[in-house]
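What follows is a set of notes on a single structure, which appears directly below.
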Amino acid sequence: MAQDYSFKYFTVQFPADHPYVAHVEINRADKMNAFLEAMWLEMGQLFARLSDDSNVRAVVFSGAGDKAFTAGLDVKAASEGSALAKDGIDGTDPARKAAHFRRHVAEFQDCITSIEKCEKPVIVAMHGYSFGLAIDISTTADVRLCSRDVKFAVKEVDIGIAADIGTLTRLPKVVGNYGWVKEVALSARVFGAEEALRVGFVNAVYENKQETVAAALKMAGLIASKSPVAVQGTKEILNWSRDHPVQDGLRYTGVWNAAAIQTQDVTKALLSGIQKRTPTFEKL
Amino acid sequence: MAQDYSFKYFTVQFPADHPYVAHVEINRADKMNAFLEAMWLEMGQLFARLSDDSNVRAVVFSGAGDKAFTAGLDVKAASEGSALAKDGIDGTDPARKAAHFRRHVAEFQDCITSIEKCEKPVIVAMHGYSFGLAIDISTTADVRLCSRDVKFAVKEVDIGIAADIGTLTRLPKVVGNYGWVKEVALSARVFGAEEALRVGFVNAVYENKQETVAAALKMAGLIASKSPVAVQGTKEILNWSRDHPVQDGLRYTGVWNAAAIQTQDVTKALLSGIQKRTPTFEKL
Amino acid sequence: MAQDYSFKYFTVQFPADHPYVAHVEINRADKMNAFLEAMWLEMGQLFARLSDDSNVRAVVFSGAGDKAFTAGLDVKAASEGSALAKDGIDGTDPARKAAHFRRHVAEFQDCITSIEKCEKPVIVAMHGYSFGLAIDISTTADVRLCSRDVKFAVKEVDIGIAADIGTLTRLPKVVGNYGWVKEVALSARVFGAEEALRVGFVNAVYENKQETVAAALKMAGLIASKSPVAVQGTKEILNWSRDHPVQDGLRYTGVWNAAAIQTQDVTKALLSGIQKRTPTFEKL
Amino acid sequence: MAQDYSFKYFTVQFPADHPYVAHVEINRADKMNAFLEAMWLEMGQLFARLSDDSNVRAVVFSGAGDKAFTAGLDVKAASEGSALAKDGIDGTDPARKAAHFRRHVAEFQDCITSIEKCEKPVIVAMHGYSFGLAIDISTTADVRLCSRDVKFAVKEVDIGIAADIGTLTRLPKVVGNYGWVKEVALSARVFGAEEALRVGFVNAVYENKQETVAAALKMAGLIASKSPVAVQGTKEILNWSRDHPVQDGLRYTGVWNAAAIQTQDVTKALLSGIQKRTPTFEKL
Amino acid sequence: MAQDYSFKYFTVQFPADHPYVAHVEINRADKMNAFLEAMWLEMGQLFARLSDDSNVRAVVFSGAGDKAFTAGLDVKAASEGSALAKDGIDGTDPARKAAHFRRHVAEFQDCITSIEKCEKPVIVAMHGYSFGLAIDISTTADVRLCSRDVKFAVKEVDIGIAADIGTLTRLPKVVGNYGWVKEVALSARVFGAEEALRVGFVNAVYENKQETVAAALKMAGLIASKSPVAVQGTKEILNWSRDHPVQDGLRYTGVWNAAAIQTQDVTKALLSGIQKRTPTFEKL
Amino acid sequence: MAQDYSFKYFTVQFPADHPYVAHVEINRADKMNAFLEAMWLEMGQLFARLSDDSNVRAVVFSGAGDKAFTAGLDVKAASEGSALAKDGIDGTDPARKAAHFRRHVAEFQDCITSIEKCEKPVIVAMHGYSFGLAIDISTTADVRLCSRDVKFAVKEVDIGIAADIGTLTRLPKVVGNYGWVKEVALSARVFGAEEALRVGFVNAVYENKQETVAAALKMAGLIASKSPVAVQGTKEILNWSRDHPVQDGLRYTGVWNAAAIQTQDVTKALLSGIQKRTPTFEKL
């Protein structure tokens, strides 16, 4: 069934020249795409729908406007709307405040994790200010691209907190240089595109936002042209393997493929290869 | 006791100038060393024997001929010999087909894992086409070297399946750039020696196959000149630590070394160091 | 309460221009800072005190003299003082010898792990010979810096043993190039500053020891100027996440921050940011 | 804010004599409380609300009518409504069918897991037919009580499938007799209250449904009279510890309690103990 | 294809009145079924064959003669045949001896584990002396039955070693009384049928060997009458779940059943239930 | 070397009729053996010494006086001595208070864990009031015995906190009845000897304290008469296996025994068995 992609803070487009590719853009350019609570709740719903939508095989994720992928959490708005107030509870007991913050953070984390759980590969295209939450979000994506003007920072220590939406957990699993992760997370210093490329945080750097998004769409288009059974299985097994010992990874792969390998896509892909034509795969 | 190394699809040589080094070569050059089922079964036996053979202290693994380390699975042969047929079972029930595929994959995986389980370090020297299964195999080795002409690809999505013999599980633990792993696994694109070196997939690149094999033999020879107690313990503890938290790694190391450190090799190694001569170690 | 930092083998200084930074130096330059048992016991106590000392927010760790951060274990001294002798037990039974070695190694490991457990970030500044134990120690630090003249080696196989104080467990989690880790650990070959930088073992290379230490102090000073609640939480969550799957990392982060986020540092940090002045944080 | 507990298939009551206790009843007695898909979706929402509702401190869960807690999945209805049909996909490809079943089961499992994730303790009171899904559900509760007439069975193998909503994962962690778990899961045989008590599947057996529910309410009332900070922390830490090694359990406990122990409930509880009166705790 | 079940130390029978049930008996009654090395190697092969044999759906495992299921390892024979001798290595170096013991034990463990890995449920029927290895073996089975005359003991400490073939790892996961496990493993004391039943080590006790074996065959027959897709999936998921956290167990179950649930057995089982007749399932 | 066992709050005796057995008694009978901070610090040191003392092979742990093993934490004393005060820090910042509580609890937990880490088996003999901390302590012991008059309770929720020194982590791994664990932890209700025996919390119940201690000494004496290599290996492997999957348990066992099995105790134990005399084992 057709999914509804009308959201307040996100636009979703399906570029005609890239079948099965969804292009999601954060749509709050006047505030440098800074996140309000309503935005991450929307984002969680959006990626859950993309995950289930059999018309989608790959996703590109970028930010509207020239200035920023996202400048991070809208701290001003966050400090005004109190999580405790909404629960109608007087916040004087540290244990009760802790419980409310814990529930709040868990809900926030789940929304961000929805990108990782999205069964379709997600390519994030970043430009300009990409601070704090931008890093949390990007580490849940499968591939990270950026423009030359990007400004990255794990900014949270500068506002007195340890990053709690995923960066500290996922960044060390994305990048193989643990000392570098420690340094940027402890110092909150800004780093640019070249450094991000050198340490492997991004896959490639492009001249500007337009070229970055174009490259992301092209890569998404390529992935979307493959068997969705193969592509979605590959994403899932890679994610599972990250968190498990090798023997468990091998076992899970075997159990997963026991069903997947019965697909008609294998024959279609093999024949297309021999016949030098583009295969057509059923939806998934 | 002496091991028997007569195999149909593999040659095993013991180069005179590199004592204790075994050189294994895939021997199906006319088919670009593409793998038949009989080959991986042989390979499993071969590495189990090398693991137990006290005359072997390091292994070099390469492919015969000029064209390929291995072009991967021999898809044509694979599609002809049906696993179901051999079990004498009519394959119309998806659950029963799944069970047969699962058992089949598990046996295949075990053969490839035998390289990782081989107690002696394995250095793989790759050249030419190194597609699909080539990547699975290489990630079980300890060190990867390649020639300038190598062509790598995690090719499986192009035939409609998720790679299921180990690449998706081991590659992210071999290379610290997770975004790069995702990209090459999802796109099946070909990458070359320089890229492989840059992301850390290979340790070094050489001009051609001959120089690659020569460098592998030299490295194997160096390792084979060290205490086999120290070398085999080092491999084992590194493999264990990959799959366990740090505290478990430290504990396992302490228990392992409680026996290993009682070896006479320590005294021999220390004395040789002082006396500037080459130590001789007992077999293991 | 004020901690006592009078140690025989280590000097601890508090540079006036870097508030809250402790500078620890190994103080056995005439022996290239080679470690005796008494030294690692002292080192364990020293870092336990730094961890608890609310006057310390970041630590720099270096070695005295021009020649070496540390040449590693003082093998000569180690072979003279027998662990068995001290226990008053006749060491002829391999199982009993094993038990004594195991206990001995566990105690040694715990002392080295005290650097990792130190709640304040530790930046190690290495120069000259940095062999064996130098690698074990440096992998417990958060950031590694070195001078151009540094000589690194995972030296243990050359004395007939597998490294057992942490290198084989931690180095693969510090550096994302597993083949490189295998090679240097199996071959014991020396590698220099440029190679260390390229594989991500060190964060940066400086001209000489003085500049390395100065850079370390500067980085420590920057970190020490941030909220200690945020900094210490960041270190802890990164260490926990290394050893756990992503979901466990996220959950732990949420539980940790439920208390941490109630700190007054958040308001102080936000206000200081707006008012462009340096915040002052309470001790921790 | 007040939660809405109007559901089609479940009634929720707040017994006047047991403050802070919610009594949930499955409300499809004419069909022996057999589950439709709409029911487990409702149940997931219901327990998520109970988890967040600061007016609830403990939950009793039972089934309406005399005949059954629940006879399990409504197999007839399940076979009529095809998951594939709803996705508008032609179900001839085994891999695509597998993907749809997998997503479907994940959603079903999440609904059942909502009972385990409910931060307030849940006591299940079972009577009559308690087959299949009844076991899945009961293993997510904290305490299991039953009446003498109860009929339990892990019934799934009798309809040709392995139980997939939680029984096979949770039952061995609930009951310490692994051979018994294997036997009842492999044979699908019916077992009664006495056997359930003997192996520890239920905490206690009562004469009939009324007495079982009364006992459950009494136990829930007792728990609800305690500090909600202490009770909810106890449930959470027990659940975490089930799935982690002891050292991780201890560490998590320490981090959890660092906030929880700052509660005013400790003083209230201590004073009430001394003054022999019933303490009043703030909502949570 | 038909499996070959001619073994020297084991008899395999297919009782006519229990279709699809294999009855394996240890066949060295004159030595109280004590195990030689050749026996465990045979046993490993035997259970690997049973696992693959589509004519087998459940297995009963017992010991020939009146006196013993098995008195354990044939210590006399074991001490005569030296593992070191076979490797042609002079056993004076403790590290090399350790390596040989370690490889030897790993091979021994793998043979015993083959019972656990056997995809068909295994019911062990024990009588008389059931010491040492008898416990290791029985903990790999799915269900344990015994006769009233059985004599159990975790006997290994009485010969100066910690049990190393599986008892210390599996017994605490079979029985929920950890203090009892510690006591019997540390004291090596003999315990009987009643105690074994009380702590849940055995599922049931019968008057004598004949009745025990008869009961085992009956239970095996019942299991063999069910859908083999459902039965084998149930065993596999239970074993996986024992070693993984609940979330991993649920996920694995969903992936497993995505293929399994497509079986025609579901329809057959449901129809047979309605029509009150015995279903016939295809081989697996 | 001889250990010093002069402690203020504990007496240590070596009963003449039970060689190698240490009998530790909590020595604050006038306060029902309630624990002060100084006591758990002493207890940690005491068990660390017992662990290293080659004159000790088994330990009995009981409480002085008629009334209690221990009534738990001395809450009155605990509330008077503030952990914050000792750190000279003004406790108004919830994050800083949390850090101090966390460090404090970690130190407390480590002292209790020292019983579990003690390499010699520990048998705890409980009588009278055994509340709160008594349960934490007893779950770290290997075997639990009690007298008929014992009164157990997981008492912590009654003072407004979740038990944080180990009970919630270890009790579910000691007892196989998870529902019972949940009930007693959530309700804080008192339970007696018979219930403790039925659920497997204690191994046996005796008439009074004297008989309980006598039985503990007898069991300790039996264990102390066995090979200490075998006994200590058995304890260690059982503890390791509790926290790891079966394959890791088997591997660890093999590595451990590779050294242990080289002990002369095997020959001594076998010969003594044949010659029907009591073996004498070297110290460990």
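Order of writing sets the labels: A, B, C, D, E and F. Residues in every chain begin at 1.
Criterion: contacts are C-beta pairs under 8 Å (C-beta built on N, C-alpha and C of every residue); 3 or more make two chains touch, one makes a residue touch a chain.
Since the structure is predicted, the reported quantities are computational estimates derived from the model, not experimental observations.
**Q** Any chains in contact with both subunit B and subunit D?
**A** Neighbours common to subunit B and subunit D are A, C, E, F.
**Q** With residue numbering as the guide, point to the option in A-C, B-E or B-F that repeats D-E in over half of the contact pairs.
**A** A-C
**Q** Any chance you could check whether C-D or B-C wins on number of contacting C-beta pairs?
**A** B-C
**Q** With centres defined as the mean C-alpha position, give me the subunit A-subunit B separation in Å.
**A** Subunit A and subunit B have C-alpha centres separated by 34 Å.
**Q** With chain centres defined as C-alpha means, what is the inter-centre distance between subunit A and subunit E in Å?
**A** The computed centroid separation for subunit A versus subunit E comes out at 47 Å.
**Q** Two or more other chains touching the same residue: where does that happen in subunit A?
**A** 94, 97-99, 173, 175-177, 200, 229, 242, 244, 247, 255-256, 258-263, 265
**Q** Please name which positions on subunit A make contact with subunit C in the complex.
**A** 75, 79, 94, 97-99, 101-102, 105-106, 109, 113, 116, 156-164, 166, 168-170, 172-173, 175-183, 185-189, 199-200, 242-244
**Q** Can you list the subunit E residues touching subunit B in their complex?
**A** For this pair, the touching residues of subunit E are 1, 52, 54, 86-90, 93-96, 98-99, 103, 229, 232, 259-265, 282-284.
**Q** Taking the touch rule as given, give the residues of subunit A at its contact with subunit B in the complex, in rising order.
**A** Interface residues on subunit A, with respect to subunit B: 121, 142-144, 173-177, 200-203, 219, 222-223, 226-227, 229-231, 233-238, 241-242, 245-247, 249-251, 253-263, 265-270, 273.
**Q** So in the complex, the part of subunit D that touches subunit C is made up of which residues?
**A** 244, 248, 252, 255-256, 258-259, 262
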